[in-house]
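There are two complexes below, and they share subunit A, which is joined by subunit B in the first and by subunit C in the second.
Moving on to the complex of A and B:
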């Protein structure tokens, strides 16, 4: 018990020293025909080296957009990204595209829900991995090919020699996901951004991919931000969990604290409406209403309209994360004012 | 508790509403010059089961297991290659059977894609009234049915009756689809991944709604999902499918507390833990589900089963080989049949 607590605390307390990634006041706006969509609205967090952060949220919460902002792959022109994203001493938001290209791959890599978006259908898996290694590390092709085979072995693809010659469409969903992970890790990045990489997989394959990512994360000592809508997946992979709603962090802290003893009314509502264990026969305690319209966000707490604990001040604004425990933060005005959680 | 002379008190309630016998659907994907099938997706392969009046039968399995094909066969959206479906004692289809038009009065379906199942050019009240109108109800009465149902599924008719599908959220559209399915006062509703595309907070609202409506309208559900948590929450009985076969069926409490088939065990063990302190340590099975095109002969799970033996390749296990342990708990595994010759076979019913 004690040891586990220490393990969970260690990466978080290290953030105070030299975070690998430091995100401040991150905001993302999209110009659309319907108006300005405020997808991310002031996200702040630090990520330590080797830390796994799970970002949990429903559709439209801003979790994927935040990840894409860090990777710098949001559509240009229509998108405004403000704030600061500091990665290992580099300010990413003001960095020229050419320099970003040198970071993306060797330093920061990304995996997606649908591997076909990351894999090129007209090249074999082996060619794609080897090309990445040649391009970023300047080694010759035969060295790169040998390394590519090692990477396929590392992600437990059976008969890797043969699989190097395979095109992505010739592989099953789970194998393709493994190939994409091999491609992403081929330059041993310090930070892996994972956007729902197990969501499209069957449950027996999903757990294999989660265990694989956990193992590779430990082996390579890389930090991971893992975006998911699934509480169980977040629980399996994360050291720390951040819960997003309306483009903001509602709660952020060690996985055990956030998932088992949530502080914020939204996290609490989300856990109650997630069917699990033997809830059969019970009436689900649901969150009433619908998520907010991101083109027409309220001034204050985005959750206020659905929250059973809301007071008039919640709609006035000035909602920010405040500490509610060791490395545990919650963005609830009432918790902050009254200095207690509703769910203790 | 009940003596042989006294019928079990539940007998009347346990009458089957729908009976499925040896249902089969293969989708040919390659033919030779003479039109003979060379290979086929064996989506559903000789399955038999019953849907009991008033129950919720959950069907669970991974992609390619045949659960959605089964739903479409029950609804007669596709014609089976073989097998008989009877609804309330009457054979469905064929020269003398119940026609689909009559079947749709009693059996309705809700799909995963809430947008694709509504006519985008029709106000939602019209989509709901469409069924009763097509079955001969007059316009005024049909619209009254639609208004009442909108209210019952939690959409204020004053605000929503004249809206079009694109003006609604996913959860609201699914409420409309449920209302539309109920407009003909069916007795059986087939829900095919009906909550799978919804966010958790909306999924919970729809699950509560389905439970309320089931009681109110005295419905029977066939609830198909890949989500083991949702299946456990809503089902009375659960049927587990793998590559076109039923591998296990039983009461929800038996399936989740005492799974017998190695596949069911693996499926349950693969569910992510909701407690970060109790994470999964090892994957219960490796590899992906095999391709449903020309699946392996014998037991279809044997290529991934840790207990596979020669007999599993030689003979396909049937659900009826071993006696049931719990009430109606059936397992298609040679290990459950002492006479099968499987080295790990044990006598049926003798629990560990």
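Moving on to the complex of A and C:
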């Protein structure tokens, strides 16, 4: 039983020498009238260049907030972000807004869940892509427009010339999300943050968008953090998967290990409650209970109250990610105590 | 877009026709007519009948209406029963006096209101927000004739730096005329300033809460460019209210005009009401209604130019 706590600077991917993104002890708190909401509670991970990390979790698990913290777009004033976010040698959390603006767009870009609300309704799609290019590449508007057209072509929007002149409300949901992807890629970022980009779309369109994103990711060699609550989507696109719950990583490792041989009771429950393959007639196991109240988190494991395997010590706290395989980590006291054969 | 403008113009026709009928009917419904004012009560009934005949008041109501409307369509606003002057020239002079106040008052009120509103939204909850909200609420709720009197008391009576009333001598220099504008313009700008600043604050807050603002930050846009996005989104609702406010200013404020002894359109209508001067009253109201409708068409078109979702 050799316990090994995850070192934040230990590369997750064996091929990466220095990680593109290194997040240490990331914590996000919101001050609200009801009290302090602890949305993210000590997240650690490294992301190699070109690696795709899928963050899987229910709503309120802190996955979107983590992305926004990396992007620096959480509402100021009532938000406290602590820890360290190192991107390509830049410490983002201590970086002044003005310098951050030079990274946002050309180095790190983001796509949002609902492209209808993430695009400005009174500007054409072309203007919104071109303004990003003008801002970061210092070219004139006509050059930027020509490039915007190329990007619309790249995300396979038909008749891109005409689409440049279209307003967001004149496009379908799938087209809008393609336009949003074109916008995000327009300055060739090294890191793409995708916040549930397929959740608001029809299932058939979802697949198209996933395939497009995967293809573009390979073509451009960019790293992606893909946040989703959909296990199928996560397995489709990710190299590595992290499972979040109560603002923490419960399990983190190569996608096939985490999804096919889950080690944490929560991941296990999540997989059992997911519809897949030939399950007709079978009972779907749901996880009993509700996600924890982030304004009133328990001291120990946030999942303990719903966990069928919990022991009294689980409520005591101090549960860190520990290695359960090559690059595979799990934050479960019993897994740590009893070894890998927990669910075998 | 041209079809949109054409349709808006077409809509204006029934609106104005309806307005003309309502104006004419209301004036008819008011008891008494001009002869009650023009001749003493002890005068023989025949005198009144001759006068009624002369002014066409003995004709059936619908005939009177169509004669008035026909003349209006030919650009003839009628002749004042009381002064025997063409209504057109009286209205032109009163309206130009009103415009002299309304345009700078609108400009001042709208600009100040927009700036205060945007700043209040950006500093939501801070002391700046509270201060500006206080100013805006005071601007809307203080009776502006009272503010006018207070301003006169301070700047004309006590400090003696600005004229108390009037437009200044006809042959006065430009500076003198401008000095006469200052107090009434400030007084008139208070309500538009308050209304616009409250509205702009609310719309900017609503826009700031939207996802596309986060998305703009996420693509590293400059603050100035983000402000441009906010302004363009806030513009359509703000323009709508600005159009209404400017319309109210054109109607002239009888109270403010009285305080500053300013011969504007409010005073003209007020006088016409007391004199039962039907041609002046009805033509003035109809012209003002026409301007009001025109401003709103202009606002509709501007809104549609800014926000494509409104081009229906």
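Everything that follows uses one rule, which is that the second predicted complex is superposed on the first by the 328 of 344 C-alpha atoms of A that agree within 3 Å, B and C clash if a C-alpha of one lies under 4 Å from a C-alpha of the other, contacts with A are read in each partner's own complex, and residues count from 1 in each chain.
Keep in mind that, in the parts below, contacts are C-beta pairs under 8 Å (C-beta built on N, C-alpha and C of every residue); 3 or more make two chains touch, one makes a residue touch a chain.
Only a predicted model underlies this, so the values are computations on that prediction, with no experimental measurement involved.
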Superposition on subunit A - do subunit B and subunit C clash or fit: fit
Partner chain(s) touched by A:159 [first = subunit B, second = subunit C, both, neither]: neither
Which of subunit B and subunit C A:119 touches, first, second, both or neither: second
Contact breadth on subunit A, by residue count: subunit C or subunit B: B
First (subunit B), second (subunit C), both or neither touched by A:94: neither
Which of subunit B and subunit C A:142 touches, first, second, both or neither: neither
Contacts of A:109 with subunit B and subunit C, given as first, second, both or neither: second
Smallest distance from any CA atom of subunit C to any CA atom of subunit B, in Å, after fitting: 11
Residues of subunit A contacting subunit B in one complex and subunit C in the other: none
In the complex with subunit C, residue positions of subunit A that touch it: 68, 71-73, 100-106, 109-110, 112, 114, 117-123, 131-132, 135-136, 167, 169-170, 183-184
Partner subunit B, residues of subunit A touching it in the complex: 4, 58-59, 156, 158, 172-175, 202-208, 210-211, 229-233, 235-236, 238, 255-256, 259-260, 269-270, 272-280, 283-288, 290-291
Residues of subunit B that touch subunit A when the two form their complex: 62-63, 169, 171-172, 199-205, 207-208, 211, 226-230, 232-234, 252, 256, 266-267, 270-277, 279-280, 282-289, 291
Parts of subunit C lying in touch with subunit A, wherever the complex brings them together: 210-212, 214-222, 225, 229, 232-233, 306-309
